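Note that chain A is present in both complexes that follow, paired respectively with chain B and with chain C.
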Partner chain A sequence: MSLPSNKKKLEFAHPSEEAFALILDYYGIEWQYEPRTFPLEWDENKQVLVAFAPDFYLPQQDLYIELTTLRPQLSSHKNRKIRRLKELYPEVNIKLFKRREMHTMMVKYGLDSEAERIRGSEAQEKNG
Partner chain B sequence: MPTGSKISITLSRQLGSMGCEVAQAVKDRLGYRVVWRELINEAGKRSGTPELALDCIDDLGLLGITVPARYRAIYKQAMEEVMQELVEEGNVVIIGRAGQVILSGYPNVIHVQIIASHELRARRIAEERAIPLEGARAQVDASDRNRRLYLKRCYNARWDDPNLYDLIINTDRVTPQSAAAIIAKTVSMYTPTGTLSTF
Partner chain C sequence: MTGIFDDVYGEMATDISEIILSQEAIQERVAELGKAISKDYARSNPLLVGVLKGVVFFMADLLRSITIPVEVDFIAISSYSPETRGQGFVRLVKDLEIPIQGRHILFIEDVIDTGLTLNYILNNLRARQPASLEVCVLFDKAERRLIDIPIKYKGFDLPDRFVVGYGLDHREKYRNLPFVGLLKPEVFQSGNKG
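Then we have the complex of A and B:
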């Protein structure tokens, strides 16, 4: 399980996003990382004040996905953005997924090398 | 096969049983269309619950998708509609998603189950996915559990109930090509009333 060569240069904002991408690849699900930014608020000069770029888009499911931590404050902030996005762009399907501990399950299912990679980058983030 | 008849096949399979290879061999032999992910994704789009399509694909539960029960009912309804439309078109192999239950009683549908022994399935998965055998065994167990639960929860049916199938093929010794030949022979014997003519 590895990222396709054209996606290897992608820099994910969080290790859990890379883990999510690896799982999608494992299942053969096509994905795009932050392919679109949705303006949510504008000033009187029509300049964008607030925008939102969901983490993933899955074209086969026509679904945007935003990953969030388990921290309630951040989660509710993202929920507000998603609600606004749905008001402005009702044709867009988007879901908020909570980031979860994937390492243990990946090891259980024999995906050890990827699991180690994720744990390594999580450790880097914590230390950095 | 009677002239003008449009036979369809539901193919229920276990992880590592080579069910998809059998479906491909049936396609090569009969020219049927094979539908799997498209079915899942179409039901997700129609029901407005695309995350449930993702949940269906997530056989190992790695993505941790949680969906309210009411959405599952809508998705199930959409799945049934899509499946019935496919059968009206005919000449299709429908993989998984409880087709053997949803389309039971349809005279022009043949229900096939593809199985193999647990250890052989795990060995196949280990080789195919280049993972340790222990991990492959865990994947087989998780997949079996999830597929069993789906049928039980949605249709109160047992996946291993032989009454749900016209054919059960064990690929421990039968190759996908041979399995496809058996299925093609069954298709050729089908009559419009849903019974089989003799060999």
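Then we have the complex of A and C:
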């Protein structure tokens, strides 16, 4: 598995993100990895307390994508952040690509090890 | 689980947990689509284009329900796979045989999910300057959409579940089932390539 040379220095937080990026590359979809961080909560001094950086941005579609391989019962924290992002930034288009959707995509493309990794994954949520 | 189909389709039917679209429901909806297309494209001699292989079942039934003169052609593209990962881009492995410049093109697809494949194909066809380019899809898994694709004709919305039949496959199997059914999780989670 390898990314184009101009993106090889990227460090993905999860192997599924790299697998997803390779699929986008194959189909000629332009993407950026975590290009923007959205502040979600501030303290009284206007210091950012909570922020959220969606995993991918597709410029041609003007769409942010957040991937999750978490089981639904473990992804409520991420869901809350996305709901809050939509409230604060209604002009932003964001899609949560859920665990089952990720698993189905990996099965569809015959990526058995990635599919198995997603199926076996538990709470590997990263900060952000 | 599929009743009388168990006797006819044997091990394929036993891999299905539930039929979600019957053969009759599919045929009825395909006939409705054919009627609408016949009305909208009267006197425009459209060219129906499909991408191999899953569309052949839908294309064959749809063509027989269309009552105006039409032409048909197929393309095929390479699919992403463990063998192609990280190596170049999607490419045409079979091109159209009929020139489409200035023609009214109706692209026929069995299923749209992420829209990645269809986006590539439509961009390719659009570059050939057809007079019009519209999409007719039988099964839409809109929940999984990443690329927004305008759809003129749609048969059914499908849930984001692993479904097979009527052209939809898992590892090239089950396409020839006449209905659409849910594949049992143990089948697609086993990593069985059989």
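We adopt the following convention: the second predicted complex is superposed on the first by the 93 of 128 C-alpha atoms of A that agree within 3 Å, B and C clash if a C-alpha of one lies under 4 Å from a C-alpha of the other, contacts with A are read in each partner's own complex, and residues count from 1 in each chain.
Everything that follows uses one rule, which is that a residue touches a chain if its C-beta (ideal position, glycine included) is under 8 Å from a C-beta of that chain, and two chains touch if they have at least 3 such contacts.
Just so you know, these numbers come straight off a predicted model, no measurement behind them.
J.: With the two structures laid over each other on chain A, which partner does A:Ala13 touch: chain B (first), chain C (second), both, or neither?
T.: In the superposed model, A:Ala13 contacts neither chain B nor chain C.
J.: Check whether A:Leu63 is in contact with chain B, with chain C, with both or with neither, and answer first, second, both or neither.
T.: both
J.: Is A:Met102 contacted by the first partner chain B, the second partner chain C, both or neither?
T.: The answer is first: A:Met102 touches chain B but not chain C.
J.: Please work out whether A:Asp25 is in contact with chain B alone, chain C alone, both, or neither, and reply first, second, both or neither.
T.: It touches chain C, and chain B stays clear.
J.: For chain A, which residues lie in the overlap of the chain B contacts and the chain C contacts?
T.: Touching chain B in the first complex and chain C in the second, residues 1, 23, 26-27, 29, 58, 61, 63, 95, 97, 100, 105, 107-112 of chain A appear in both lists.
J.: Taking the touch rule as given, give the residues of chain A at its contact with chain B in the complex, in rising order.
T.: 1, 20, 23, 26-27, 29, 58, 60-63, 93, 95, 97-98, 100, 102, 105-112
J.: Which residues, counting only chain B, touch chain A once they are in their complex?
T.: Answer in residue numbers: 37, 41, 44-45, 48, 50-51, 53-54, 57-65, 126, 129, 131-132, 134-136, 138-139, 142.
J.: Using the touch definition up top, name the residues of chain C that touch chain A in the complex.
T.: 79-82, 84-86, 88-90, 113-114, 116-117, 119-120, 123, 143-144, 146-148, 160, 162, 170-171, 188-189, 191
J.: Would you pull the chain A residues touching chain C in the complex into a rising list?
T.: 1-3, 19, 22-29, 58, 61, 63, 65, 95, 97, 100-101, 104-105, 107-112, 115-116, 119
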